[in-house]
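Chains: A, B, C and D, in written order; residue numbering restarts at 1 for each.
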């Protein structure tokens, strides 16, 4: 089975890999690059646990092929913190207990970071609809929504 | 002198809300879950599953798969232990079918290959000849004369004669004379209720990485609620000595009961043994729905009599639970929980465990109780409505309390139902005005909670910090609770304690994390282990001072002489003792190994406002309040989280979640697209009230909190919808078409 | 599976025409990757058209309409400053599909070519009078969107043909469109029923009307009689009732896991009424 | 002797009685006595029961003490989620 050579950037680092064209970006991130922050909860774009950004755009990495990453810039949960400084969202998620089991957390952080970059002052309803594709089964979303709203408020004050 | 740090007030650490110790790992993607493990030379596995609901397996031809480039091993049932009976026999039969495929999705063979894609291709190349047999998936149909028999002789001694062989267990209890009780009633309401099977819906599919050699020694990494149980089951299924298999629990991406049993781990180990390489096996989402353990579906009849003043005179319930192709549906739990909130002179409950051609049900958060509450609390709501009674006052009037006799027999110890109901009555939500098209519902809920075998080990480091090894996977922040309880006893800061989930080689047997037992039992064990260490610390101080051990006491991290008679010594801080512990007797550790038996039951009551679109029958939950007795909230934020999560799952169960089987017996909605769990935009904020009526069976008063929160929502939402549309909703889920039909029937009649 | 990323449509057409076995075009991939993961189809040839120049562009046509490249995503449509002002119904229909993540990839042309009877963007595009450019070995032709789907999972495209552009007509004065769908949750579901309405007014009087239903028949249903029922009158209660009745009468749905015949038929009538009101108010100048 | 209350599904196995009296000072001794004196209860006891002693549900431990005047109720074993 012939594999395709792909060059891409992940969290700012240039990476190369060979992959079968059937492999998804999620497969490549996890199995070839060993970035296991993105999770496979469904493989069909219904749960959002595999959320990443591609050229700044929020997508499900299970709904994109690895070969499509050629020349792109991929952002994953592993790239959210800057050095030892957590992103304000990461900090607030811990403080608010916006996670219980934590399996959906990487996807939700990637998704909410993308939201706040696009809309620094979202309403509760906007946050809820933006995150409708990120399933969480533990929290009932309450503390997640509160953490995002408070992060947004704090980031607005800081800027 | 045995130390006793029991208290219910005056806490320094317990009851605070620090950041969880594993928070950083979980927000950076560093935490390793079931599918996140890799090993050198690792193979990927995939499972071939039956597309038929019920079929005899005539022949499995694996030759084409084995011939494929990259395929290293194929296993079928022949590669597992023989002669297993009872629980382990059923689990193995479920893990890999023997003579018959018993449900759509039942495993029949598995492949290990050098890549996941090759493994997936290879299972398509396995050819299975089936003789298709008649099937049944509905609980009432499965009990009917003439229904296909799933497995002859599966019924146990409890089942009365004359019932269909698919009825495999029977439970009956109660007291008094219900007929006499109904005769005293001013109003008797009897109704039939139906609920569909739902799935725990954890976001992380089952996943494991297993290595097993021909020497019978193995290593297994998996996401589970109980790795000692996995160890025991896998050893049995593969014919190993239990101690030769070491199981490490990964971080777990949700369980809710669904990861209390074993589905794929023996398969990975069998493939590994055959290929002599590590094997990783991860379920797809579709496999999770088809072949893990959803809840029972139910068919229930409930009859309750009430006087005009709200006194319940008698209650009777019949609960039929469909549990899939194996015995085990929690019919007795359903029956026992049904009337638990009420002090009843006359009560009678019956449960049936019924097999069908569906996957073997597994525990789901208070297994069996939410359905019972749906039926019972709906009837109580109907009685209150017809008699013009306040639903909370009526429940208070009949509430179980300390000293009253429980519906299932014993006398209640100290319980917190009355306090919980009073908190509901006092909550602003209960009297807030409703808008047009909205209805309000309330419901009680009850769950037992559990103790179980528990072992905890605590080791002090030279610098006075502490490591706590517990055996219960951290599903929702339990490391934080353990650290808080250890900090409270040791008198050292929360941050100085590291809590680790130990593997099976490191601690004695720990029962599965189920029955809301973690904060109760592992918490109790952590307290006891810390007390054990404190005792030793006091001993070292006593030796240094040359005074008797019992003349030393422990306070805020210091050993102190217990009074003027003991002598005048400067208190010794923990780090002064641990710094020299190697030279004063060796390492200082604390242990606890026992089976705590003081789990406190927990009651909850929920208030829901629902709004129904009269044109489409679509329901929105617009306001939700959870009130529950936690005994003592160790980390209140995570207690609130449990309350909110249970409510959200209950909302899904009530409104949209269901297993949909076609006439062909195949599951039609094996994915998150059509198995509709609540999304963020479906829910309101969920308010919580933590009631604290301490459990005397725990040093700090903890009651389990994880499960009770899913007991009231089905009924509370059904009551809200019923009150909004003016028609009693008797079937779940209350999907829009069903509500619309109810609205039409109301308009017609 | 072979993966190609042609640089021109000519190249893409040649690949499609010459390919053996199952061929799929990859734009957003939100349907084809799901089908691959679920083992519903495994293409022998997958042709990624996103490297072809112009496939990501939204441009004004000379006549005042819009031309959308075939890789334009739902998110790009929603973010476009002018498209949604002209065709809010088309944009909102596309926006309803899947999650934010899916919006980042999914395309209306993909939604069309997937052939689902429940595709949200398709009724809206048909109601708007959208057309696609179909290019094959023999050249290109413009085809109305409504002629593309012929049954569940099936399109009228011949072997060797691909869609190379989507065009929306000029909105013109006093026009408004709207799309509504019914789903059990608030998001993430497949439409149980969808309804698009596109109106043009003269004052309060309707001069043009198109209504298209989704998920109530093997393909989207154009309710031609809607024009007869509405043209020449205002959107009064009688008109709404007539429209609602027409919608119900035009349904030919199935019973399945997502809805019953009865529920779909009833709800088509409800949505027709609601969508018409929104389209009418938009035609009168409302911006929401 | 300790009075052990049975759930009603068990009553046919002990001649219709709703409780039976057995000797025992611990949960384990009570269960042994039940097995010995009422063999028909054997399969049920083997399948697993909890014993409620004065309102405390004893799910596993056989060593829990039982007093002659304790309220003892047999209950089916719990399984949680």
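Note that a residue touches a chain if its C-beta (ideal position, glycine included) is under 8 Å from a C-beta of that chain, and two chains touch if they have at least 3 such contacts.
Quick caveat, the model's predicted, so the values are computed rather than measured.
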Problem set entry | Most extensive contact between chains (C-beta pair count) | A-B
Exercise. If you average the CA atoms of subunit A and of subunit B, how far apart do the two points sit, in angstrom?
Worked result: 29
Exercise. Using mean CA coordinates as chain centres, what's the subunit B-subunit D distance in Å?
Worked result: 26
Problem set entry | subunit C-subunit D separation of Cα centroids, rounded to whole Å | 67
Exercise. Using the average of all C-alpha atoms in each chain as its centre, how far is it in Å between subunit A and subunit D?
Worked result: 54
Problem set entry | Shared interface positions of subunit A, touching two or more other chains | 22, 43-44, 46, 129, 131-134
Problem set entry | Residue numbers of subunit B (touch at least two other chains) | 200, 255-256, 284, 672-673, 678-679, 681
For this session: Would you give the residues of subunit C that are in contact with at least 2 other chains, written as numbers and ranges?
Result: 37-38, 186-188
Problem set entry | Chains that touch, pairwise | A-B, A-C, B-C, B-D
Problem set entry | For the subunit C and subunit B complex, residues of the former touching the latter | 37-39, 182, 184-190, 257-260, 262-263, 266-267, 270
Exercise. For subunit B, which residues count as touching subunit D in their complex?
Worked result: 156-158, 160, 170-175, 200, 255-258, 260, 330, 332-333, 336, 348, 363-367, 408-413, 447-453, 511, 514-517, 594-595, 597-599, 601, 697, 704, 706-707
For this session: Over in the complex, which subunit D residues touch subunit B? Could you list them?
Result: 5, 7-9, 12-13, 18, 40, 43-44, 47, 52, 54-61, 64, 71, 73-76, 78-81
Seminar exercise, completed: Residue set of subunit B touching subunit A in the complex reads 17, 19-20, 22-33, 35-36, 38, 115-117, 200-205, 251-256, 282, 284-285, 475-477, 637-638, 640-642, 644-645, 647-649, 671-673, 677-681, 683, 685-686
Seminar exercise, completed: subunit B contacts subunit C in the complex at 120, 124, 284, 286, 615-616, 618, 655-656, 660, 668-669, 672-674, 676, 678-679, 681-682, 735-737, 740
